[in-house]
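Can you keep this structure in mind? I'll have questions shortly.
We call the chains A, B, C and D, going by the order they appear; numbering starts again at 1 in every chain.
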Amino acid sequence: MSTFGTYFRVTTYGESHCKSVGCIVDGVPPGMALTEDDIQPQLSRRRPGQSKLSTPRSEADAVEIQSGTEFGKTLGTSIGMIVRNKDQRPHDYSETDVYPRPSHADYTYLTKYGIKASSGGGRSSARETIGRVAAGAIAEKFLKLANGVEIVAFVSGVGSVAVDRDPTSKKFHELLSTVTREQVDQAGPIRCPDPEVADKMVKIIEDHRDSKDSIGGVVTCVVRNLPVGLGEPVFDKLEALLAHAMLSIPATKGFEIGSGFAGTSISGSEHNDPFYVDDNGRFRTSTNYSGGIQGGISNGENIYFNVAFKSPATISQQQQTSSYDGVAGVLEARGRHDPNVVPRAIPIVEAMTALVLADTLLLQKAREASMSIVNPK
Amino acid sequence: MSTFGTYFRVTTYGESHCKSVGCIVDGVPPGMALTEDDIQPQLSRRRPGQSKLSTPRSEADAVEIQSGTEFGKTLGTSIGMIVRNKDQRPHDYSETDVYPRPSHADYTYLTKYGIKASSGGGRSSARETIGRVAAGAIAEKFLKLANGVEIVAFVSGVGSVAVDRDPTSKKFHELLSTVTREQVDQAGPIRCPDPEVADKMVKIIEDHRDSKDSIGGVVTCVVRNLPVGLGEPVFDKLEALLAHAMLSIPATKGFEIGSGFAGTSISGSEHNDPFYVDDNGRFRTSTNYSGGIQGGISNGENIYFNVAFKSPATISQQQQTSSYDGVAGVLEARGRHDPNVVPRAIPIVEAMTALVLADTLLLQKAREASMSIVNPK
Amino acid sequence: MSTFGTYFRVTTYGESHCKSVGCIVDGVPPGMALTEDDIQPQLSRRRPGQSKLSTPRSEADAVEIQSGTEFGKTLGTSIGMIVRNKDQRPHDYSETDVYPRPSHADYTYLTKYGIKASSGGGRSSARETIGRVAAGAIAEKFLKLANGVEIVAFVSGVGSVAVDRDPTSKKFHELLSTVTREQVDQAGPIRCPDPEVADKMVKIIEDHRDSKDSIGGVVTCVVRNLPVGLGEPVFDKLEALLAHAMLSIPATKGFEIGSGFAGTSISGSEHNDPFYVDDNGRFRTSTNYSGGIQGGISNGENIYFNVAFKSPATISQQQQTSSYDGVAGVLEARGRHDPNVVPRAIPIVEAMTALVLADTLLLQKAREASMSIVNPK
Amino acid sequence: MSTFGTYFRVTTYGESHCKSVGCIVDGVPPGMALTEDDIQPQLSRRRPGQSKLSTPRSEADAVEIQSGTEFGKTLGTSIGMIVRNKDQRPHDYSETDVYPRPSHADYTYLTKYGIKASSGGGRSSARETIGRVAAGAIAEKFLKLANGVEIVAFVSGVGSVAVDRDPTSKKFHELLSTVTREQVDQAGPIRCPDPEVADKMVKIIEDHRDSKDSIGGVVTCVVRNLPVGLGEPVFDKLEALLAHAMLSIPATKGFEIGSGFAGTSISGSEHNDPFYVDDNGRFRTSTNYSGGIQGGISNGENIYFNVAFKSPATISQQQQTSSYDGVAGVLEARGRHDPNVVPRAIPIVEAMTALVLADTLLLQKAREASMSIVNPK
């Protein structure tokens, strides 16, 4: 199904080759200043054709708000948004009529639905993410107003090249505390804030592009200034909701919060984050292996996590595979395709993060209100 | 909130020191043979006190079905289950009245709810997982009847010691295809099916236990015989639901499906899983980097994933930290605690996996029925 | 929030004076023939300006499918639909800037959201129902294919004039068993299948229109050929879902199923519907006071219910009331308004009925599939 | 499924003849004083055996809180509650093994689930409502603390005898504004606050009891002191949620809010509720045909509604019907049964009302918090 969130909720529609893609966002606070200008920047960061590193399919991806705002303010009612599909070429993928593309969704879709969209994968198209990014931009605006929440994602790995993201590294935590979206974009289309590493990443991608191959990577995301108390114990721990959100992004294969997989071999005596009170009287931890979440609930420290993206499935070189009919053969995808999707995934990771946080923030606000009712100070 | 799933759904209750813990399971197929004997084995695998590797707190954890079955068959109505708390010692944690335990949920719970359970963390207690395991056992029975689905989890890493789980390793895939729950348990309390590695793991845990410290680890889980077509595109991809489920388990820090983080540096030309038709006429892939899921939908291959567990936060050695009042001091936890939770996490991982799969199976069954209605063959 | 349903689900957006209104429909069976031609007829029955009995605001209300179909077949993915707002006159309601219209939603919206749409009531506009009708048309097509399900609503009362709808009346049950949508529309814009009563209804509405007043009415709806077994015990009884759906339609004040309020004074010995087996071997009831639902579950008999609609709140005559500022004064609504909404409510009642039934049908189909798995015959 | 509500949510389990019935309540505000003493009174009002007017099956129905509270205060976590079934007589209904009871749920349950509980109707037992009443008592306590919200239900009709509940009647509105739960109970087991009418009602019930028959009735419920702004436009209008809640109670056949069905023949010029500002500066309406809800949102006036209950299906006199096998025959129910359920339905109606209101209150509190964030004063 195509709905995400409970209090702050998005529902999306749209395939690669239909009239438009879009979404309905519900639960948006009323009275918030909001126009297309708040939403378009992240959509533009997401769209293809931004550089030689990504697919040449170029679309303006201009969002049009349909409802839920008047005179530049939200009404508190559901916000409809659409982005027209201008580049509809339903026959461009004809070779995929014979062969399901390996590691793409062609075969599973056909089996699941018993019908095949002309583009093969239907909703598995990257254009599906437009609705997420548009909704996420609204969530992000709310979070910024709420507590000055900052969400910054960046490319931290491509192939075997990566920035230092050792959870014990001071440098890594300094980067997390300071990196801005502007710095990420200044790094060029690769969106890695470490220039030296960025150059190597670009080289890797170009090499794969030139050999009609593809390569994966890792996105790291940090959330700063989040209030204490978001996330629900048990099933809806904050890291569980983030993991759900991240693994719902196309091509993702992994998620780790805080110390993550590396943390499994750090002893408890080191891994535990001791408490202290800082100069502003805030209860803090002196290390942050927890990644800003303890017991499923935000503790006010930076939230940071890594998301693994596999190498894109669509490559231009020949692939030995089987036709739908079970006949072995060779598939050669026409057209040009992203040799690496990680840079374009940045605004999607940020959007999904914002959607999770806005939802949990509203839920906690309801609880706080109920607490002050039953137990007034 | 305390509900997981939509069509196959569990709702849980219970803290460490209340009368009982339990759950209500809804959406269970009617007419299925079911008694406590189907549920108790996994609860017994989960309970503490099974070996020197785990906490001595010993409880029978006997489940009592309250409703939803008659004469050993399910009625299709909601199934209530309770497990009494016999070992209630509300004052055992008194030192935590002064100090929030580092990297535990004491501080975040208090801030979130404005009230503190005597055990500190309230629902963050490991006893919360009893309801999950009980519900998961029912889901598992349904899945086994549905398609002979097999779910086997095992300890694949403790500290820096790990079994070979390289996604390119043939040996690893052979293990995934053959490992049984019996083999896992025969390996002793460590629940690692590779005896040599198991010995090293035990040594690491014992060392940490002896130094009043703790250590983390990794659980690997495989699902065999799952039908093609489970999981929804977009937000509820099968891997997203699994990630949500796994990161909701206490002490987890990471999730990776198929090739996972390692897969980010494997080129697309290698990473793509070519299709072929096997001797039984089934559409298969010759490799399985995808981990049995493509486009968010199961493809019939083995699903496998890793879950990272951090070192337990509660350790017996002294920890420099701060009291709730902001006074720096030393916390020394009394009592004995698990130096490593990974072996006991095995049935929890299996249970949460089963809950996700039963839920997606019911949804897909509804769709398949609707397909055959609108498009009869 | 703006979502209805679980398995078969609609999410809507749109106010009176925004760019478009629309919806996203999720859970639609894949492979079903579907074009705008399946949807437009009910939208055309809903739209204003159809006769002198309704508001002259005239709009084509042409629906455009955005996604989820290809070559006239559904893909199983979410279906976006939009209807453009052509008649946007944001200043036509300016007098309502001073006075909240009595019994309209102006005051409650402003208090709830702290902001006022130029049209006053925001989502309380009748245009909000377009998304429901569009989604309902899809649900209805599925139901017809599923079991030949027929849903027919008609005007059974206007003011104090009503058709015979005594639950003990044979004539009433004959009408329920035979009435068609064609008959309802042939009755003219009043949509009452009894010509004599229809004439009186028209007279009442015209009288109220001429005196710048308004009047309410009752819609009766019958569902035929529904399979046995839809609806869930406890909270989601079929009549509870229908009541929810009906009372969510603007201007409704009441709902009764089967014998309804009249049935409260019929003794059990008469009210109980005895079972028998009909000539086709079907288990039937010889009377139908239950209205086709027993224990919250459909029993295969005709489902029938009444929905009360109040007199429209917007009238053209002067009304003594208070301004937002608390100053007593006189409100005189400009423009022309529906003196009675009941005829236009017919397709909305049918749509909401279809949405409930499609949702419960899918849920039951999942259960039936699970039953045959755990208890094969 | 067995869950009701989103933010304040109850999940129930239990049939007539299982070990216990119970529920899990989630979303309860933390820090609220709560013990069994807050819950038992409404359970005791619900239980059978209170008078000659109801079934002699007598049970203590003592509730036991399992979790979610400590030292008499809520922890904010899920609250498990159980009530043991003491009067288990699985064979008392054996004649129903042959005959599905007319207008009972036996036949529809068997068809839906393919299996029959020994009590026939499974979850359609009145004992299912225990979980609702227990959860409702918690909701009610929260509402009382929140705004002094008062919920009072009473029997307003039995058979053809009724109190004056004409929406145009001043006396009726005075009753709604003043009636207390104590007054309702002082009226004796019939729970009708008008003594003269009460006597007639008792006579009707006794007559039906003596002739082994049954009779229905109407419950009226009023909510006072509810804040403005509860209920969501479109699908979750406050009256829609109340209708859903009421029609989910066993044996209900109708719901009407405010003027209800009678209001359909009151002209808009009279039916509209004019606004004024009262002596306390509150924005009020001088009449209240709306029943305290406008546009689906509470307006601060009294909410009042009627709920129709049919005559109980289980009667002791002989009934001509068909066996499951299709053989015509005579069913004679053994044992004694309620000739009228309306008095015992009072606490159930109050409970379901409280559950709806607590849920909508939490949602609106979240919105209000978000409003003050994005638009600080």
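Just so we're on the same page, a residue touches a chain if its C-beta (ideal position, glycine included) is under 8 Å from a C-beta of that chain, and two chains touch if they have at least 3 such contacts.
Since this is a predicted model, take the numbers as computed values, not measurements.
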Any chain that touches chain C and chain B: A, D
Touching chain C and also chain D, the following chains: A, B
Chain pair with the higher count of C-beta pairs in contact (A-B, A-D): A-B
Centre distance in Å when chain A and chain C are each reduced to the mean of their C-alpha atoms: 39
Centre-to-centre distance between chain D and chain A (centres being mean Cα positions), rounded to whole Å: 45
Geometric centre distance via CA averages, chain B-chain A, whole Å: 25
Residues of chain A whose C-beta touches two or more other chains: 1-3, 12, 27, 30-31, 74, 76-77, 112-114, 122-123, 233, 367, 371, 375
Footprint of chain A on chain B - complex, ascending: 1-4, 12, 99-100, 102-109, 111-114, 121-124, 128, 157, 159-160, 208, 213-218, 228-229, 232-237, 239-248, 250, 252-261, 263-269, 271-277, 281, 283, 285, 289-291, 293-299, 306, 308-313, 315, 317, 319-322, 326, 328, 364, 367, 371, 375
Touching residues (chain side chain C, partner chain A) in the complex: 1-3, 9, 11-15, 17-24, 26-27, 30-31, 64-70, 73-80, 82, 90, 112-115, 117-118, 122-123
Contact footprint of chain C on chain B as seen in their complex: 6-7, 27, 29-33, 74, 76-77, 142, 145-146, 233, 362-363, 365-371, 373-375
